[in-house]
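In what follows, chain A forms one complex with chain B and a second complex with chain C.
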Partner chain A sequence: MTSLSPRRRGGRWRPWLFALPALTVYVVFLVYPAVSSLWFSFTDWDGLSPAYNVVGLDNYARMLDDPVVLTAGKNNLIWSLVTIVFPVTIGLALALLLNGKVRAKPVLRLIFYAPGVLPLVSIASIWGWLYNPQYGAINSFLSLIGLGDLAQPWLGQDSTALWAVMVPAVWLRTGFPMLLYVAALQSIPAELYEAARVDGASRWRQFWHVTMPSLRSAHYIVLALSLIDSFKVFDMIYAMTYGGPGTATQVMGTWMYANVFQYYQAGYGTAIAVVITLIAIAVGIPYVRSQTRERAA
Partner chain B sequence: MTGRSYTRRGFLALSSVAVTGLGISACTGASISGGGATAPASNTLRLFTYEDDTTIGSLKAQVKKFDEQNGTTTTVDSLPGSGAAQYPDKLRTELLGGSGPDIWRIWGGQIGAPFAKAKQAADLAPYYQKYGWDSSINTAAVQGMTFDGVKAGVPFTARALGAWYNKELLAKAGVTDVPTTYAELEEMNDKLVAAGITPCGLGGKYGWHIMRLFEYLLEHTAGPELHDRLLLGQDSWDRPEVIEAFTLFKKWQDKKWLPEGALGLDPADVGNWYVQGKVAYDIEGQWTETAAILAAEKDPKDFGVFQLPTDQSPARHSGFVEGYMINARSGNKDKAAALLDFLLTPESQKAMQIGSSTVKGAEPDAETTPLAAEWAEKYGDSPFYTIQDQAFPKKEADQYFSIQSDLLQGSMTPAAAAEKMQEIVAAWAGN
Partner chain C sequence: MTSVTPITTTPAVAPSKTERPSAKDTVRGGLVLTVVTGVVAVFWISPLALLVVTAIRPLSDFIGNGPLSWPSAFTWENFSDAWDIGNFATTYGNSALLLILKVPLGVLISAMLGFALAKLRMKFRRTVMFSVFLGLTIPIYIAIVPVFIMMRTAGATDSVIGLIGPYLAFGIPFEVLVLQSFFRQLPNEIIEAARVDGAGDWRIFWTIVLPLSAPALVTVLILDAVATWNEFLFALILLNSDANKTLPVGLLNFQGQFSNNTTGLAAGILIAVVPILLAYTLLQRWIVAGLTAGATKG
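Moving on, here comes the complex of A and B:
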């Protein structure tokens, strides 16, 4: 049987025809809004009126003089660092624990993962009550055990508000890396540990020289997804502190939202959105490159 | 070009575009053309409001009554909970998305102004004339929904803020009479604290709730004329009266006349504390009788209300108007106006238990809402100053809330707060 040449089967355009429906949706719902948003970042559009003026790079220059942008950027960095390091470390520790001889493993996994599936607004409300300075469980507990001096208005002061929001964020985000690590740990061949034991390796050395190298691909996925998740923080801050007290817990996402949707400064807000996106791309490129390398290999 | 290099580069390029698209579109995702056309006429209406569970039922009952009489079908959607902090955002997003409601409830002043300025709200002048709203509705309230001379809204309620208190807690602290001077108010606070009771329940999350205390203190120190000029940016905030008000504001926290950690408390929680007996009083409007006292199935006789004493003449309280706007792009403007006219009848207003109706003949019912009726009788004719989150645009109001926060945390002095306020207001009023 003679095979048909690509040209006779429909030409080189044939693959594009199959991709056309998906590409159309993609262009209409993603590319077009993105490009139009990029355009608005060069305007003074208020977000409601039909008219606007083109102001060039003014919105971007204005960000340099906006003290809240500095606060928000700093908070984003702190947030990313804390909500990656702690959930990943605790998640790995729990995974190691659950991979051993522990009773009621499925129940424990469910308990540790459960916070991750709760609605964020519910979590924010629950923790808001726990943090209540007068009637909250946290301050009450501190008083009960004789540490009443440590009781604080956790969400009501600049010095503790961001950290107080990060605690539930760590709590709810620990389950996901735990599950990935559990799956990865179960795929490590038992022979490797047997060989290590025969060679006299301690448990500590087994962890560093067998377990950790075997988890390399899991580490990469966990870290990349955690980084992306951390950087787009919005909901927890919005629901728990609304960016306050004052602007103490503003992050780039909430500050962008405030400008676009509350201050009627859509031009400036979209400029912030563009900057967030560029940073996200810069952070995401190493991940994309690694994925393409793996596929190509 | 090899297949391998093409795949990697192509994937990288597509991924970059995808990330850009996802990121930016998730951030804004709207264009000016959204919702630009006038919707076709129909018998279907949609009303968007922020009523909570305690009042939405009576509104829906009146709307249903209108529908039955006029052959319309009206959907009532509500977003209660955060006051003016989030509702306008949702409304604005709906309008930009092209599926905005035919009618929406909104606050007056600077909260409603952007919708009028952007011509999202229809000019209701023809309907004022058709239905005679100018004569049936309180004139001062109509001014609160008039923007640059355009009657873009019709007010149905003029709210007044006073001190709503728990009689049992005041009695427990040995307070027999409500204060009539500012000094007596401070004396009452001291007695309450001595009895182990937190005097005033206000929460700082969102900023607007605790603001009610500062604006009262400013009325006390500055007096009516200066206060009004300050709100309009016609006088400098960097002055002794403002510094004194900020000093008193800090004093209220330092003397524990406010709840511990007030800045982080949610008004939705704190607003009920005087009913629950956790604080002695709260600065609220007449709605609290329905929304907090009656909703908790408490007897209004166990509570009271008084006008916060300013030691100024005339004695004023904080106030604001709320009303309805009609979507300029609605294809059902006439039917929407007819619905509003129905809701603005004294009968409907009474049925909805609007404790501070702007409609003549719809005064509060002493049987169902005795405290609101008492307020209307005692202070109904008192002048009021514009509540500050309606006096300033949202951005300036948030900057002002930030100053409140810094001051109460001790990171800003009263003098610095006054100076900073002047910077903010001057920048706004100068535009």
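Moving on, here comes the complex of A and C:
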């Protein structure tokens, strides 16, 4: 038990004085708005007029018939998968490289994490420019290496737009798993590898039987945080494609935004937000529980 | 969660000389690895490098010779153009003001809550912890409609001040998570000793807990500053006039205006990102420490 004994009887309420400022802000600006969105999702409110009707589950039923919701849901799923699998795999590979006898490690580490500190809007600007069909570096590079036939309007056509938006996402999200894995790799005792070598284990076997099991808690944290983060996708898509061309890159977050602020269907928009938030909470609960559990001090 | 590795049963024995690669091989192996990693790093940083090269050349040179050519002339004009048209003096000022008002306040109230959770016997402690940490999973867009209405009612839209509340609320879960786990590691004996000497909780918090937690506080301050500086969605819906926009929203406007002026756009993007890249380079140690805090403990 890490807590201290209370100084006097009834002292168990006094700590609330320390908790209150943060809890008040948290309840007023996060909990209350979230619950209030749940309420709006049962109404036909347009977001402007003072009055609205309660329509029960109509908004949710309507989502089933909305082809854009289907597209957005599918895109969210692809987004989560791709922006977890690639950053985690590349991040682990880079961490293994950086854990070897590489020189200039601090500089390399600095470079790989750098995109992670940039505002998402600036990343969208940078890549929007790289993808520019006329003056973009990517098409120029393809021409330069003799693959000019592959040059295309990456962000401007349905077939490539979603993938083109995910590339910068992978670029910016690879640094975080790399940092975690570098830290975790450094904490594996060298004796384990020595022992494995004595037993004649190849590099490959050492990786699977020493490295990977030792990284278990790092894997867990990386995957949990990446998964939680992947449901929040909004900024990048809003700033790069605004969900387009057509609805090719819509995700639940941007489709919600469009419904509320463009089509004045706040009730329907909040229903979309509620669905994706409930999924995000459900997926995040195991991680939250693991962080709440008492750890032996 | 302690990781158990299957090989620990084998006693650790130093391998004989023949099994160990020779010193020469090791040096060569290190060189090869360095080159491989270096090439990946160059590739990784190339978008930013290209941005710099583009920003310092005249537009005509860029259009004439293509984006991948080396500039035949250099100029600083792109920066002055971008600075004026992009309204960066204003957006920088607004973002800085927000940072100064929000970040220290957020860390202070999160530290207070973290202290109560970690070191005080608080009623409903576990429930509070679970509810606050659950906030990590909540996307901002679930809150934007009610927050917008709330701020409009309070007359706080189109003002940086109106962003403080929502920013604080969405920052609290992460800050509390990191801080309370750090506070938990402080020895109880020190706190009990202070209590015996007659120090109250408030005094213990300020004179013992906070000073002993300086590394964690600095890390949380920096990470929260980065998140605050970069936040986009609340700023997008709550700020209307150019005079009140923060850097990310201002950059988005700027991007629209400069879509045909590639070199000016590159300069504007650089103006927006260079300060944060510099800060990141200088404060790297703290950022890495904070991000990896949870990775190595079991």
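Definition applied: the second predicted complex is superposed on the first by the 266 of 297 C-alpha atoms of A that agree within 3 Å, B and C clash if a C-alpha of one lies under 4 Å from a C-alpha of the other, contacts with A are read in each partner's own complex, and residues count from 1 in each chain.
The definition used in the following text is that a contact is a pair of C-beta atoms (placed from the backbone, for glycine too) under 8 Å apart; a residue touches a chain by one contact, two chains touch by 3 or more.
Note that this is a predicted model, so its numbers are computed, not measured.
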So, on chain A, is it clash or fit between chain B and chain C? clash
Based on the superposed arrangement, let me know which partner A:108 touches: chain B (first), chain C (second), both, or neither? second
Which partner chains sit in contact with A:262 here, chain B, chain C, both or neither? Use first/second/both/neither. first
Identify the partner contact of A:280: answer first if only chain B is touched, second if only chain C is, both if each is, neither if none is. both
The chain contacting more residues of chain A, comparing chain B with chain C, is C
Going by the contact rule set out at the top, does A:147 touch chain B (first), chain C (second), both, or neither? neither
By the touch definition at the top of the document, which applies to A:94: first (chain B), second (chain C), both, or neither? second
Can A:156 be said to touch chain B (first), chain C (second), both, or neither? first
Counting only touches as set out at the top, which of chain B and chain C does A:77 meet: first, second, both, neither? neither
Which holds for A:54: it touches chain B only (first), chain C only (second), both, or neither? neither
Identify the partner contact of A:85: answer first if only chain B is touched, second if only chain C is, both if each is, neither if none is. neither
Which segment, 39-47, 75-83 or 237-245, is the chain B region that clashes with chain C in the superposed model? 75-83
Chain A residues touched by both chain B and chain C? 26, 29-31, 33-34, 36-37, 40, 47, 128-129, 132, 135, 256, 260-261, 266, 269-270, 273-274, 276-277, 280-281, 284-285, 288-289, 291-292, 295
Provide the residue numbers of chain A that touch chain B in the complex, in ascending order. 26, 29-31, 33-34, 36-38, 40, 45-50, 52, 128-129, 131-135, 152-158, 161, 241-242, 244-248, 256, 258, 260-266, 269-270, 273-274, 276-277, 280-281, 284-285, 288-289, 291-293, 295-296
Could you list, by residue number, the parts of chain C that touch chain A in their complex? 1, 3-8, 10-15, 19, 26, 29-30, 33-34, 36-38, 40-41, 44-45, 47-48, 50-51, 62-63, 66-68, 109-110, 112-113, 115-123, 125-126, 128-147, 150, 165-166, 168-170, 172-173, 176-177, 181, 184-185, 188, 191-192, 195, 201, 205, 226, 229-230, 232-233, 236-237, 247-249, 251-252, 255, 262, 265-266, 269, 272-273, 276-277, 280-281, 284, 287-288, 291-292, 294-298
If you look only at chain B, which of its residues touch chain A in the complex? 4, 7-8, 11-12, 15-25, 27-32, 36, 85, 88-89, 92-93, 95-96, 114-115, 117-120, 198, 204-207, 259-266, 269, 278, 393-395, 398, 401-406, 409, 411
Under the definition above, what is the set of chain A residues touching chain C in their complex? 2-7, 11-16, 18-19, 21-23, 25-26, 28-34, 36-37, 40, 47, 94, 97-98, 100-104, 106-115, 117-122, 124-130, 132, 135-137, 140-141, 144, 171, 176, 179-184, 186-187, 191-192, 194-199, 209-210, 213-218, 220-222, 228, 231-232, 234-235, 238-239, 253, 256-257, 260-261, 266, 269-270, 273-274, 276-277, 280-281, 283-285, 287-292, 295, 297
